[in-house]
Amino acid sequence: MKLVIGIVRPEKANDVLEALYRAEVRGVSMSRVQGHGGELDRVETYRGTTVKMGLADKVRFEVAVSDEFVDATIEALCEGARTGEVGDGKIFVVPLERAVRIRTGETDKSAVTPVVK
Amino acid sequence: MDTLTPILAAAARVDTGDTAWMLTATALVLFMTIGLGLFYAGLVRSKNTLNTFMMCIGAMAVAGITWALVGYSLAFDGTGDLVGGLGYAFLKDVGFEPFGATTIPHLVFFAFQGTFCIITVALVSGAVVERMRFGPFLIFAALWSLLVYSVLAHWGFGGGWLIEGGTLDFAGGIAVEMASGFSALAAALVVGARKDYGRQALLPHNAVFVLLGAGILWFGWFGFNGGSGFGTGNAGVLAFTNTMLTPACTLATWFVLDLIRGRKVTAIGAATAIVVGCVGITPAGGFISPAWAMVLGVLVTFPCYAIIVWRPRTRVDETLDVLAAHGTAGLVGILFIGFFAQADWNGISDGLVYGNADQLLWQTLAAVATPAYAFVATFLLLKLMGLVVPLRATEREEAIGMDVTQHGEEAYASGEGAILVTTEAGLEGPRPVAQPGAA
Amino acid sequence: MDTLTPILAAAARVDTGDTAWMLTATALVLFMTIGLGLFYAGLVRSKNTLNTFMMCIGAMAVAGITWALVGYSLAFDGTGDLVGGLGYAFLKDVGFEPFGATTIPHLVFFAFQGTFCIITVALVSGAVVERMRFGPFLIFAALWSLLVYSVLAHWGFGGGWLIEGGTLDFAGGIAVEMASGFSALAAALVVGARKDYGRQALLPHNAVFVLLGAGILWFGWFGFNGGSGFGTGNAGVLAFTNTMLTPACTLATWFVLDLIRGRKVTAIGAATAIVVGCVGITPAGGFISPAWAMVLGVLVTFPCYAIIVWRPRTRVDETLDVLAAHGTAGLVGILFIGFFAQADWNGISDGLVYGNADQLLWQTLAAVATPAYAFVATFLLLKLMGLVVPLRATEREEAIGMDVTQHGEEAYASGEGAILVTTEAGLEGPRPVAQPGAA
Amino acid sequence: MDTLTPILAAAARVDTGDTAWMLTATALVLFMTIGLGLFYAGLVRSKNTLNTFMMCIGAMAVAGITWALVGYSLAFDGTGDLVGGLGYAFLKDVGFEPFGATTIPHLVFFAFQGTFCIITVALVSGAVVERMRFGPFLIFAALWSLLVYSVLAHWGFGGGWLIEGGTLDFAGGIAVEMASGFSALAAALVVGARKDYGRQALLPHNAVFVLLGAGILWFGWFGFNGGSGFGTGNAGVLAFTNTMLTPACTLATWFVLDLIRGRKVTAIGAATAIVVGCVGITPAGGFISPAWAMVLGVLVTFPCYAIIVWRPRTRVDETLDVLAAHGTAGLVGILFIGFFAQADWNGISDGLVYGNADQLLWQTLAAVATPAYAFVATFLLLKLMGLVVPLRATEREEAIGMDVTQHGEEAYASGEGAILVTTEAGLEGPRPVAQPGAA
Amino acid sequence: MKLVIGIVRPEKANDVLEALYRAEVRGVSMSRVQGHGGELDRVETYRGTTVKMGLADKVRFEVAVSDEFVDATIEALCEGARTGEVGDGKIFVVPLERAVRIRTGETDKSAVTPVVK
Amino acid sequence: MKLVIGIVRPEKANDVLEALYRAEVRGVSMSRVQGHGGELDRVETYRGTTVKMGLADKVRFEVAVSDEFVDATIEALCEGARTGEVGDGKIFVVPLERAVRIRTGETDKSAVTPVVK
């Protein structure tokens, strides 16, 4: 299993969710982050204080998937998040040794496939 | 009302200046309910923000209507001992001519008094936030405004046994402050504590709202107290000025007690102190000298502070401490009149200190009868309601939060993960939006 | 204005009480524009908060100036059918003597009317928030305040054909409510929908601001309606009281409709109901009895609610529903007068129900002519502006958010990752601050 | 005060209309201090929100009391050149009869002036937020309100050498604006800069609070300026109307300067412009024509804008720019009177442009003497205090934030990880709550 | 060493902290996230706009532990967070190669055991 | 490649960003977290309720770097974040199997070196 981390533009978050859904990926966690990379800094002014904003708002997705799902997940993230302009974000894949579903105690693969209602 | 007696002789005619001030005062008091909503909303957890605010808005809707239909009449029609008549029901005979001996149009008097009913109902909600269902609260608000507020308003303002007997209550120590405070206690007992009460720390989610809300309350209180002379006469002017002095003294005293207790002056404490000071002076405003008003500001702090510190150690989850801030301070103010009322200032009556023991007697009567009636009536009302409809949300709903479960909204929505359900008739083939999890 | 006719006989002199109330009312109405800014700001996404609020602030600057220079004169100088003269341009002859038959100084009358112009301009912005560029909006505000507001203010208040003909409009159903509502529709059509409209869920980012903003609006509306009698006379007093009763009924009705629709009473809905109720009573305030005012509060809810539910299903992104809340409610109020105006209460004229069909005719005329003029004039104005300057931000800017792109600020800045650009002349060798990414 | 001279002849009696307006104005000015707290709180970092707001609340407590005890007397008792007497100390002889030649009860006059003292003390706090300890600030507030405010209020309003000599100051260019501005400079120098000043970007954490706060300030300023005629007479009416016109022009000018400087109109800038405009018209309100008031609105913008842009480049951390917004604008307003005062409008005196050079002389004297006294007195006061008690928090406390270290609270608490310490006497065996880390 | 990531209900956060404390786990970091899984969507209405909320608020714990602590940590998380209803959350275990305590520069095991006061 | 996670004091965030910049580390994501460790609890009081605050605000950095950059990154984090007092925070290094730049689809090393403008 892998833990796939995707960092994308906030305005693309819903598109990513949709893409993941299409890719049959059901479980996902997301959080707001701020990122710095190749994007140009914004200039902001507050009264006499002028600042360069080196960070841009991003949304971070964290998806635990079984190995065969990794590529599909990455594709979904790319498809949903790409605009082609600098700042689209990154995907990181980290090895996942164990996964547990708290409710049932089930572990590993079964844990990362949510119940279908 | 009693402040009218002396001028009852005078032929009543509408005075533009008095009317101007009373229009302002009425708007100010209505604004207080908004301030209260903000004050309360800041004191709860973010998942219950809207529900808490909405209880105040709900009071504006429900009590505003019940007041116009019958509440006003029950409170102010005639001098029946316990309750007024129905002569003014459905606003009958409420028009442009001055009311009683006042110099303002009856319509303005009606509106001014209506704002009092509204905020009193809203105050009670503080006892049951974060768990009481919204629908039942609206029903409660409607019934309570008639069964408790109108009755006590009649006793204290409208010609009932207390005012006729001689009790002095300038701006609502009886009908507003003690009524809401002791009803809040009853409501808390009937509805019961929040499931996490006493087990988890339930903290104010936005102290800025609390401070701003308290500020709006203080601002509005100048209309509340300053308007209770029904014009720009001495009584109103005195009450107005005292409304500036008393809370200042309460604030300073609260600072000191905070320092003694925790070596830090707290902001939530300061906001509370503003309310306590304003409540303390509410009954006494037009009856005592500015100097005594400052003393009252100091004295009233102690019992309120003590109860606020002690109450959370009990099992009584009277969540936003309406009893401590309103019931107690109102009671202190009512009794204070009995000691320090000064005919030199109010032109009506002296207190014990100035040689009139009767006054204290009547104040004490009010301080006993009002809490008793408010508590019992509210307790029974909610118990009976509870037989018909569940008063509180389920544990699950409480855990999720009242905003989502009662109102289907979030106070601070981000829109992420939100999927449009309403489809755009207009747009051909709108590209479907993300629907994760819709299995 | 028409409310003056009866007292035209009376020798006009300044009355301190009337002036006192009108000073208060003027301040209250100006405060409404701040409340509106907060109300609107809470309804948009956080990345557009400041831009939305700033459109209201911008209106205070721009319309405040145009009003003083020529707008006031165009609206209130003389009885030309379509537009006033330039006699009062640059505040000429606007001084301390009472205006017309009023009992308040001309300067106060001018200021009071100015606050109406300002808020009306601000209202229109609700149709174009989250995408219209700020510069062009300021230009639009200046031109619109003269070409649309002043003209319609003349029609409805200032001696134009409608008021002279006999149309009754107490506090601005014509110039404020219908004008802003139908202009908003035109503006939304010309500027076009937000890029994500109908494709993503665009939610209010702070419902507490929405509730507080609505509360401030209600508070201010007491000055708005209560002041439109230009004193403490019967008309003003009646309008004032009705401003408390109508919104209460609208709130209650809205609660019911919400329950029927979604089994939940919504907070954003309640805030909207407050506005709808206040708008509904705006034209009718001084002309109908309190009882009819309560009925109006109930009736006005239905069309507004329906439009608010239906509009988002269309391709028309009239973002903050100014048409539904102001245009529709204002129109209902104007027509309501035609049926239920009561000379017993307003001393001027009866409506159809009381046997005067003409009144309904004139009300209908206003309800047809005003929307037509407002819509067409606004539509053309923006179309022409669009030829000269791009009205809306680019898709990219819209995605990033208007606060950063239009104002170079964030509403809720944390300061992390912010690098000081201004260097401290004073400090020798200030240690350079983090500059990641500055390649 | 001087505005009274003309009517000194008239037999003074209380007028209900004038009193009605002054009650309103007093409440409005008190509300300004709440607005200021919100304005300031939004301008600081979130970890210092409550401490900043609390400095304004603290001023309401402390200055409210000192004013009643001796401050009022020092300011308004008699015509001593430098300071008043103690005749009114402890509110002696402050009752219902009109004060001096006014037509309002002495109590109202006292309360109205008291709100000025309170907000002036609160204004100064802007210079030392985010680092000054709360306790010492309260002590400073008490002493400053007597040593600086009361003295300068005597000079400018209460019968001191400036007003007696002929200086015109309508609503507090001397005692409020210049006093707070130049005292703020002194306070910033004595207390010293925040540890990260000039090294990190310290940004406003909530610009909505800043805009709403500025809006409340503008709203209240109508009472502040409009009430300084002590009634509904011409002077008050003129000042009131100018309070609408001047800030509108300042806003527009600020927009232009913002566009020139950064090609973007900023919201924080707009909020600042509102304050600057209101301050500019404060001293001149009742003395200049509306036309000149608009010119003043434009002119006053330039020096204030320049200082706000320049000051952060220095090592002077006068954090919230009280000097730029209040000191400078107040000074400009005071001088402006010297040129453009018009007896036709104020019935008292002309300025240089209308042929009276003396006026400019006396205005210049005020513009020199006031800043000098305010700066020196405040500087010494804080230096002396510094010998007895540390004025500022430690670097560590500053890093953690003043809310937690000074008040033991967070403005926006989530409750996660919070462990109840108060145990529930009432509950048998309450299940212990999480106590991670309590080793 | 492992990095144990636990995603739980916000209302259970304090219970989890308590459970971790009982399990002698001293160091922990937590953050707010939003998650999607098997939970039913909430319906929310804002004026004319009705939406399905596909995300639920969750709290994310991140705990670095030496290997022998992994099971205890997982048990603590489950014990503290379980309600038995869908939405209880997940636990993910990721290999941790190095840990450094910034204050001292200590690395690995010693780094993840906080000083005892 | 590694994923370096650094948890630091909020007031040190800008210093860390600067240090990372100096270390030629260009891409980084950060988020606010709350942490518990060896720090003393704060006591807070809200009306009658007194609480011990067991959590302190922290900022979490997430930096994906190629192996040769790991040490530099760790040093930068330590340099920027250290105050010497309890609460300075931790650094965790996790193996990173894949990295993808969403905009281009580039993977691995190239993905974690942002475009130089």
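Quick notes on this one:
Labels A, B, C, D, E and F are assigned to the chains in the order they are written; within every chain, residues are numbered from 1.
In this text, contacts are C-beta pairs under 8 Å (C-beta built on N, C-alpha and C of every residue); 3 or more make two chains touch, one makes a residue touch a chain.
Because the structure is predicted, anything quoted here is derived from the model rather than measured.
Think of each touching pair as a link: the shortest run of links from chain B to chain E has 1 of them.
Across D-E and D-F, the chain pair carrying more C-beta contacts is D-F. One finds 18 Å separating the Cα centroids of chain E and chain F. Centroids of chain A and chain D (each the mean of its C-alpha atoms) stand 49 Å apart. Distance between chain centres (mean CA atoms), chain B to chain D: 31 Å. Multi-chain contact residues of chain A, defined as those touching 2 or more other chains: 14, 17, 26, 28, 30-31, 34, 36-38, 43, 45-46, 48-51, 54-55, 94-95, 114, 116-117.
Among the residues of chain B, those touching two or more other chains are numbered 15-18, 20-21, 24, 200-204, 206, 262, 264, 266, 268, 312-313, 408-410, 413, 416-420, 422, 433-439. If the chains shown are joined wherever they touch, the resulting network links each chain directly to all the rest. Chain A meets chain B in the complex at residues 10, 13-21, 25-26, 28, 30, 59, 114, 116-117.
Against chain D, in their complex, chain C makes its touches with residues 14-21, 23-24, 26-27, 30-31, 33-34, 37-38, 41, 49-50, 53-54, 57-58, 60-62, 64-65, 68, 90-91, 94, 96, 105, 107-108, 110-111, 114-115, 134-135, 138, 206, 209, 403, 406-415, 418-420, 422-427, 430-431, 433. Contacts from chain A toward chain D in the complex involve residues 43, 45-51. Residues 2, 5-8, 31-38, 40, 54-55, 58, 60, 74, 77-78, 81-95 of chain E are the ones touching chain A in the complex. Those residues of chain B that touch chain A in the shared complex are 416-419, 432-439.
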